[in-house]
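You will see two complexes here that share subunit A, one where it goes with subunit B and one where it goes with subunit C.
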Partner chain A sequence: MLLAPALAIYTLFAIWPLIDVFILSFQDWNGINENREWVGLRNYYHILYNDPVFWVAFRNTVIWTIMSVIFPPVLGLFLALGLNQNLIGRAPLRAIYYLPVIIAPIAVATMWRWMYDPFFGLFTQLLTNAGLAQLIPDWLGDKDVALYSIFVAYVWQSVGFSMVLFLAGLQSVDRSLIDAARIDGANRRKIFEHVTLPALRPTITIVLVLSTISSLKAFDIVYGMTGGGPAQSTQMLALWAFTQSMEIFNYGRGSAVSVVLLTITLAIVVPYMSWSQRREEDAQ
Partner chain B sequence: MTTTSPIVVAPRKRRDPVLIGLWISLVLVAIIWLAPVAFITFTAMKSESEVFSSAAFALPSKIEWNNFALAWAKGDFNNTFWNSTVITLVKVPLGLVISAMAAYALAQIRFGWNKMLLVFLLFGAMIPFQVMLAPLFTLVNSLSLIDTYPGIILPYLAFGVPYQVFILHGFFKAIPKELTEAALIDGASHFVIFRRIFLPVCLPVLAALLILDFVATWNEFAMALVLLQDKSMWTLPLGLMSFQSQFSNNYSQLNAAIVITVLPATLVYLIFQRYFVSGLTSGAVKG
Partner chain C sequence: MATVEIDNLHKSYGALQVVHGVSMSFQDGEFIILVGPSGCGKSTLLRMIAGLEEITAGTVSIDGTVVNNLSPKERNIAMVFQNYALYPQMTVAQNMGFSLELSKIPKAQITAMVKETAEILGLTPLLDRKPSQLSGGQRQRVAMGRAIVRDPEVFLFDEPLSNLDANLRVKMRAEIKALHQRLGSTIVYVTHDQVEAMTMADRIVVLRAGRVEQIGTPLELYDNPQNMFVAGFLGSPAMNFLAGRLAVDGSPSLVLESGETVALARRPDVGAERDVVLGVRPQDISLDPTDGTAAVVKVIEPTGADTHVLAELAGQDVTCVLSERLDLKVGDEIRLSFKTPAAHFFDLKTEARLSAGN
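Up next is the complex of A and B:
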């Protein structure tokens, strides 16, 4: 049947691992042994009470998520508003802003790691030339700075994505309303507040939810830039789950971390999906 | 500037100071956005000694093509490039075909629980697969498919299906069911209807999805990291990662390796630009 191949592959390779991660989180397993031992809630107890890295990762994931819900969408909205005007060269400008989105995150990590190089990197050179050499931090080596250094690279990569979604949303703004408002003497700010912004509301929700989801997944860029270091200061939940399972071979604890992250994600995704379903039905 | 502007610009004024200020700031930000790319490309073309002696954005005095050849050989790019190409060329068309078939079935054939199945499929688009790397490894391992092409392509297919079904379903739903039903009465099979009616209609969307999926598959790192353990099976992103850790102090070759990795996706993007935007937005933001 037409549906069968997609459904079979999807169920086996996407849904089964999802179920298995729950099962594993209640087990003790090193990945090799024949039998997996049931240990009840012990993995959860361990990560919540005896694993300091878990809480660092948790804190970083929260900080990262909050920052990525604010910075890329706001910047993306400004760019979209600007590029929605009839400007010379707006097509190439859009292309430039979107370019980083298609670069592999691992390549972005490699690029920025080199730009953050403490001796010959771009930022060090620029600050030295500006006579600010004493202000140069160890971008990726200082544990108070590293997370934010990575985040700058992430903003560079992800702004284009928000921008494109906002540009699409702006197409649905009713032009006759804007014209009418202008005839009535409304200035740009008024038009934005009372016409554009309300019309963009669904787009804003979509951008915020997608930004949240993609920020919870932050993996490649952190793995590539610091691997969670220095001293676990840039550890994130997704990466910590991976490290526990695939590098320390403690599948139970890794899966427990995964389940925590999954629960957070579902708490955002489920309301969002029912919201968009209702919206779809209203539109029909 | 033409006066046909559909948007906020007032046609009566040809030059608006606010717009000029806006334009200047947009261009400045664009230059900043482009700077890392320029820096990487320039470094890739400089000799090792010039990297240390010249300014960051100085053009290379003489282009060192040799950097690329050396990086290619050291990074075993023959191998990783080949693997990435095989995996992408098999996964992307195959994924689109099975997604399109599923989307067609869900949109056009009534069998009661269409809606539940759709939600079940869409659910996967929202779930971060990064969370499931360990069970995924266990599963693929139990099928003895670690370090094989099917072992990576099947999971790629599984995680590509939800988004593509979502987008295509939206399109297929717009085609009236009566058309399908009439064709069925005339004796056409679902396969024929799908191929003769639906495929031609959604060709632009398919093109958009094809390109988006090409880039996504080409760039994928986390799953490959777990499922491709053997060096001979590595894809480009894995190769770049290992290049970085092995030769991190040879800056010009490292940058050459970055350029080699990024170039194919960039070219595809520059050639098929307009499809990217339509592909991304047709599903996510509908009026």
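Up next is the complex of A and C:
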């Protein structure tokens, strides 16, 4: 009973915007007008059938998400394994790798935009000095390259997050299991396969779920680096939802994109979590 | 089956030295128990034999070969851990067969070997279970099965029974002993439980703070402890110690600091009057209403078979185990006799045993 006011406030601030977006996706609204006009499924019809940008964004989001559940977690795992060893300076190294996570994405975007500058940027300079000037692409200006350039910045920013989760997971690996495996004659690879990896299963689930969610939401870093360009080639669903609402002032369509995105997220995450939970129970 | 030779072994963790030059050698087929208080370096020693811990200085040899630079696998040893260390995602059969699988032994042969070992340990009905579906005692047994199935030269046990309840511990003690007789292999077993050491070992190694205090058969150590530490560590309840001055003339007796005199059955060869510590096991103290030294009863614990009495004698606590059924109350005065031929004498300063005399 005492929780009732808190719950009410929580609902108001957390749930209400969600419901509002859902309602908005069936309406036509420019964000200023007092009237919101009911249009039924017309917003959905438009984005799915008459909006080529939506499908570019959709495709990019899929590519981005697939890359995001592979590269940052795998790199994070290797960093964590390395920094879990007893080496000097591992504490500062851990801090350094984690640092990008706490920098605001928009600042990361700005930094990397400098580094990708076609004339003065770090990468251009490096390749020029190495005598490879003819190989330099227009990092953010080439529509076949830009998405991957942004993704590299995204990996740089997010790898520390996976690393920290894996480091925490590695602390739960039972030392005596490693000893037992060594006595049984296991080499490093076998120990990893039969002791470390099984102990990391729950962590892997968490890392993959969080990576998926955060990659589907990818917005600020793209917004800050290319704004979706060139020619919408780096457009993403989250960014498209934002652009539709805040720049084109079509809140109905923006909300419809958001709802689609939310649906995709749930459609991936919920089955994966229940599958991995079932597997966890089987393993017991 | 193999001999184990440990020569002047040292171990340091950075600046902290925890094993200070330990030497000992174990016969083929011997059941050796390392005992000592917590933190004395038992596990460290065992792990150096296993190859899990780097050796700072000295050598470990198995069957005459120095194994310092061999991996645990190449030493042909098996180890049973305190927390069993079973792989949680594997079944009992997979746990037991893992080392064989890593040695690239054919599947069919592994199955046969696991089955045979499971038969010995009564694990056959459990082969398809996961460790989480087993009781503590069953896990313990699987851990032993995993060690046995490899038929190693030397078995290493690190406090394998300390997570079991008292009844199960007694039962497993007997089983391990029987297993040792059956397999005839060399066993090095670590425990801090002196009862385990006394009941199971062929020879006991008593360790303190990274040094060997004494090595010998359980009864050698019980009857002839070389110093007060060994004397106090083995035997339950622990030996009583009374400090006093030993007279040279007259009937053997000890004068306590409080001035009380304790009559003795014999005295060691000490030449002149000197300060000593008398050690008497609780079981060797008796009641003597006429000649005994006065003491006041503080605690009475009847165990059924006998009665443990804690009494205060000249300001010191003395425990005695009396086999008579007594009608005693707290606060009663009793007279205790220390006139036993099994009395021990130690130097007050060095705590070393003083040679027996008459």
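Heads up, the rule we're going with is that the second predicted complex is superposed on the first by the 258 of 284 C-alpha atoms of A that agree within 3 Å, B and C clash if a C-alpha of one lies under 4 Å from a C-alpha of the other, contacts with A are read in each partner's own complex, and residues count from 1 in each chain.
Please note the rule applied: contacts are C-beta pairs under 8 Å (C-beta built on N, C-alpha and C of every residue); 3 or more make two chains touch, one makes a residue touch a chain.
Keep in mind the model is a prediction, meaning the values are calculated, not measured.
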Which superposed partner A:190 touches (first subunit B, second subunit C, both, neither): second
Broader residue contact with subunit A after superposition on the shared chain, subunit B or subunit C: B
Subunit B versus subunit C as contact partner of A:133, first or second or both or neither: neither
Which of subunit B and subunit C A:66 touches, first, second, both or neither: neither
Touched partner set for A:267, first subunit B, second subunit C, both or neither: neither
Partner chain in contact with A:174 - subunit B first, subunit C second, else both or neither: second
Subunit B versus subunit C as contact partner of A:107, first or second or both or neither: first
Subunit B versus subunit C as contact partner of A:182, first or second or both or neither: both
Intersection of the subunit A residues that touch subunit B with those that touch subunit C: 182, 283
In the complex, subunit C residues that touch subunit A: 47, 50-52, 71-73, 77-79, 81-83, 85-90, 98-99, 102-103, 130, 132-133, 146
Sites on subunit A touched by subunit C in the complex: 174, 176-177, 179-186, 190, 194-195, 198, 283-284
Touching residues on subunit A, where the partner in the complex is subunit B: 1-3, 5-7, 9-10, 12-18, 20-21, 24, 31, 79, 82-89, 93, 95-100, 102-107, 110-115, 117, 120, 122, 125-126, 129, 156, 161, 164-165, 167-169, 171-172, 175, 178, 182, 188, 191, 202-203, 206, 210, 213, 216-217, 219-220, 223-224, 238, 241-242, 245-246, 251, 254-255, 258, 261-262, 265, 269, 272-273, 277, 283
Residues of subunit B touching subunit A in the complex: 1-2, 5-10, 18-19, 22-23, 25-27, 29-30, 33-37, 39-40, 43, 51-52, 55-56, 98-99, 101-102, 104-106, 109, 117, 119, 121-124, 126-139, 154-155, 157-159, 161-162, 165, 190-191, 194, 215, 218-219, 221-222, 225-226, 236-237, 240-241, 244, 251, 254-255, 257-258, 261-262, 265-266, 268-270, 273, 276-277, 280-281, 284-287
